[in-house]
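Next, two complexes with chain A in common: one pairs it with chain B, the other with chain C.
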Partner chain A sequence: MATLTNIIEFSRSYEPRTPVGADAPTATVEAGERKPPETVTLAGDGDGARLTERNQELQSLRLTQKELYPAQQAFSTEHVTALRLLGEGIVESKRALDAIASRDVLIADLEMQKLQMLLPELFCCRALGDGFGTLVNSLMSAFEGLAGETPNTDQMRMMSRVLRLLSDKPFLSTSEADEQLDALESVGLNPYPAELMDFLSSEQSVR
Partner chain B sequence: MSKAYVETTVLADALLKPGARAEAAKSAIRRYDESLLPVYSIKEFKAGPLSHYVWFHGKLVTTGSWEQTLAQLRKTAMSPFRFRWVSTAIEALEAAAHKNRSKTLEDLVTKYGATATEDAVLCDRYRLSLRSLVMRAWKRRRSLTSAVVDELSCYPENDVVEKRRLIDLGDVECCPKDECCLAAELRGHPATLRLMLNAIAAQPAKEENTKRAQVLRDIIRLPNQKLTPKQCRYLGDAVFAYFCPADAVILSTNVSDLRPLAEAVGKKAIAP
Partner chain C sequence: MWRSIQEKYPDIRIVTVEPSKTSFQRGKTAFVVELKTARINAVDPEKSWMEEIPKVARDFFKLTIQHLEISLCDRLGLRLVYFKEFKDREQAASAFHAMDLVQVPDGKRFDVDQHPVNQQYVLRWESEKKGALVQCRAETRKTDWDPPIESVRFWGPVHREQNGIVVDIDYYTVAPVEVGQLDMGEWSKHALHVISRDIRYLFKE
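Take a look at the complex of A and B:
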């Protein structure tokens, strides 16, 4: 069964691809002049249309650069670091939720503190994209807005959801990130730096 | 049935000022059975407060530095810009931004380099916040109220998009083929315009009052003269006072300017 790959199957029927005498220059190339493109002709294959067809077929089987590497930053240092930190964050938020379920507020708070403290480093991985940066910034702002208060269960759950989303889709778009800000606000978290909001609100109502 | 006619300042508070001001604006809108948002508010919102945020965002993008953007903000406080954030607010932001910086940042600079410096982190945090605020505000503008009314045929209301990392507002002014689409309606009611003109005359002399009065006078005296987009912009509060339905109240944070005009034509303007 044919699979989608860029590995080209070896065909036993193929003759040598380089025709005899192909190395010999057919025309003199002057200094500074571009060498004319060489054409490859399969021995015994006189039908050019068939060759073109085959080439098109191979092109369609070949994975594009974009398919192979969905983002320029894929598997970069930032990507690897982000995935590691997100893994830690997800575990911490899960532990916090488990602690809340067993009414251990102190442990829950300790886990959330750990989560809060890894966010600045996670923000250093923002080269992954503005969607990623937007969400990490929103989590940092949410903690700052709580001013030391332990997030409630809904807030913890929402933060955990955002971390899992980031782990699944670190290259998410800014509009996908914006949708998560709505969700964070719906549980009473402020996704923007408080000092920036205070500043923006100080603008006089003018036209 | 109670109706509110939502003016630009309330729209801006609800969409661009998360926190107490947004809550005050939204709950004021919710108090009414029906809330009407005229497209003139959207037009003013885009050309005014939204463009100020876009300017701030653009400075963060182009300088790539919080310190340099702060210097530009300080200049606006002393400049004849159409908007200004006062010096005290800028100082408060600077102090708070510095105070809130992460204690772990110094260690991260060793590991991540320039990306982790306070200047770069603050620049990006504010840039990302402003981008999100602007895009979300624009997206939600037409869902804030129960209805959007008084469409303006000469106003394109182009979408806000991102281009080369900057936010592009597109056209912020009307593009009339002949003249402002409000002209014919206004011209047909000179008596109402005169009432507003008299109300402005009783107000303190301010640049915006002078310009508004001049446009109203021109419409009354020179009915053949075309009303331009610039004149339409100068009309401002007069548009809300005139077009607000008789059974609605104008909801505005700018009641000191709006109320005299509204009352002159038998309408009400109230603050959230």
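Take a look at the complex of A and C:
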């Protein structure tokens, strides 16, 4: 609402952060009936800044998944299931690491098996994004590659790190996921499906 | 980028193409990408559109982030503007008064006998991470438009006054969000839920 007496105004603190654009709204809302709004604006402001430059600032300021998605009723099935399973997986990998620290290999193995059992259901949530699907698949392949052996401490740590990353960034891109595949390989895990490796090394792939 | 958006929505049409801003339109929905901001703006959306918005938002922002190689969003925002029309300015003012949002002294004030009109009520909640601005106001909208001489055969002049109450809610993030954390479809559903849950205090439900 403009004032009729012109003065030099201070910047108004009630200026909305989300501008609606130049379109002049015209619709009306009838009494007693629930109607959609006359204007809806959904905005994202990004400057493409490099994360490494702002890492320190980000860690203290950034929104967590809970803060970004605060309404329990608004979650999609995939999102809420993935967060639940990832939470369970993180707990199990922590228990396994604790067991290794107290030299209880049997408990560590049991906890890692429980983690492995979560992965197929987690893979069903791959509609969240290609990066998510890639990483869950790589964990499944890593377990398969171990052929029943208990992962060593470094491998457990790396798997736990991947689960934490997925829990924090379930919508990560494929290139971000690929970086994690390299990290899994660096601790001696094979994050690629055995069938793919067989195919790539066969004559069929050369043709 | 626009080509890939066009693949999803073939009926989209071009509105503005400038180096710093490109905008397209599909029905009553505008898609805008400009320096530092990408935006979807819908005027008079149908009820069904409100259900469709998460899907449209997911597609549009995902493609924008992917093609412009954005790694961090400084801010996300969802703004809803509602308008309820009344017969005249006084009726809109008395409806606003009945909401009991502000205390208005009785009697003559500033040498004016009449009750206040075009009232406004504004509240902002803001933390280091998120914020919301709620505005409620009685508003008079005037449109005075005369068509250019070459168009008078097709359009008549528009001289119209509308009086009503506007409820304007802007829900936004203050802290940065990494793109790996973000699905705009999911976020818009959460934002819509939070707005419709918390705005009820205005109407004393």
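Definition applied: the second predicted complex is superposed on the first by the 129 of 207 C-alpha atoms of A that agree within 3 Å, B and C clash if a C-alpha of one lies under 4 Å from a C-alpha of the other, contacts with A are read in each partner's own complex, and residues count from 1 in each chain.
By definition in this document, a contact is a pair of C-beta atoms (placed from the backbone, for glycine too) under 8 Å apart; a residue touches a chain by one contact, two chains touch by 3 or more.
Everything numeric here is computed off the predicted structure, so don't read it as measured data.
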{"item": "Per-residue touch tally on chain A - higher for chain B or for chain C", "value": "C"}
{"item": "Partner chain in contact with A:K169 - chain B first, chain C second, else both or neither", "value": "second"}
{"item": "Touching partner for A:S76 - first (chain B), second (chain C), both, neither", "value": "second"}
{"item": "Partner chain in contact with A:L128 - chain B first, chain C second, else both or neither", "value": "second"}
{"item": "Chain B-facing residues of chain A, complex", "value": "117, 120-121, 123-124, 126-127, 130, 133-134, 137-138, 140-141, 144, 174-175, 177-178, 181-182, 185, 190-207"}
{"item": "Chain A residues within the chain C interface of the complex", "value": "1, 13-14, 16-21, 23-29, 31, 35-51, 54, 58, 61-63, 65, 67-71, 73-76, 79, 128-129, 131, 168-173, 176"}
{"item": "Interfacial residue positions of chain B with respect to chain A in the complex", "value": "8-9, 12-13, 16-21, 44, 48-49, 52-53, 82-86, 89-90, 92-93, 96-97, 100, 102, 104-105, 108, 111-112, 115-116, 121, 124-126, 128-133, 135-136, 139, 162, 208, 233, 236, 253-254"}
{"item": "Parts of chain C lying in touch with chain A, wherever the complex brings them together", "value": "30, 32, 36-47, 49-50, 53, 57, 61, 64-66, 68-85, 118, 120, 122, 124, 128-131, 133, 135, 137, 139, 141, 143, 162, 164, 168, 170, 172-173, 175-184, 186-190, 192-194, 197"}
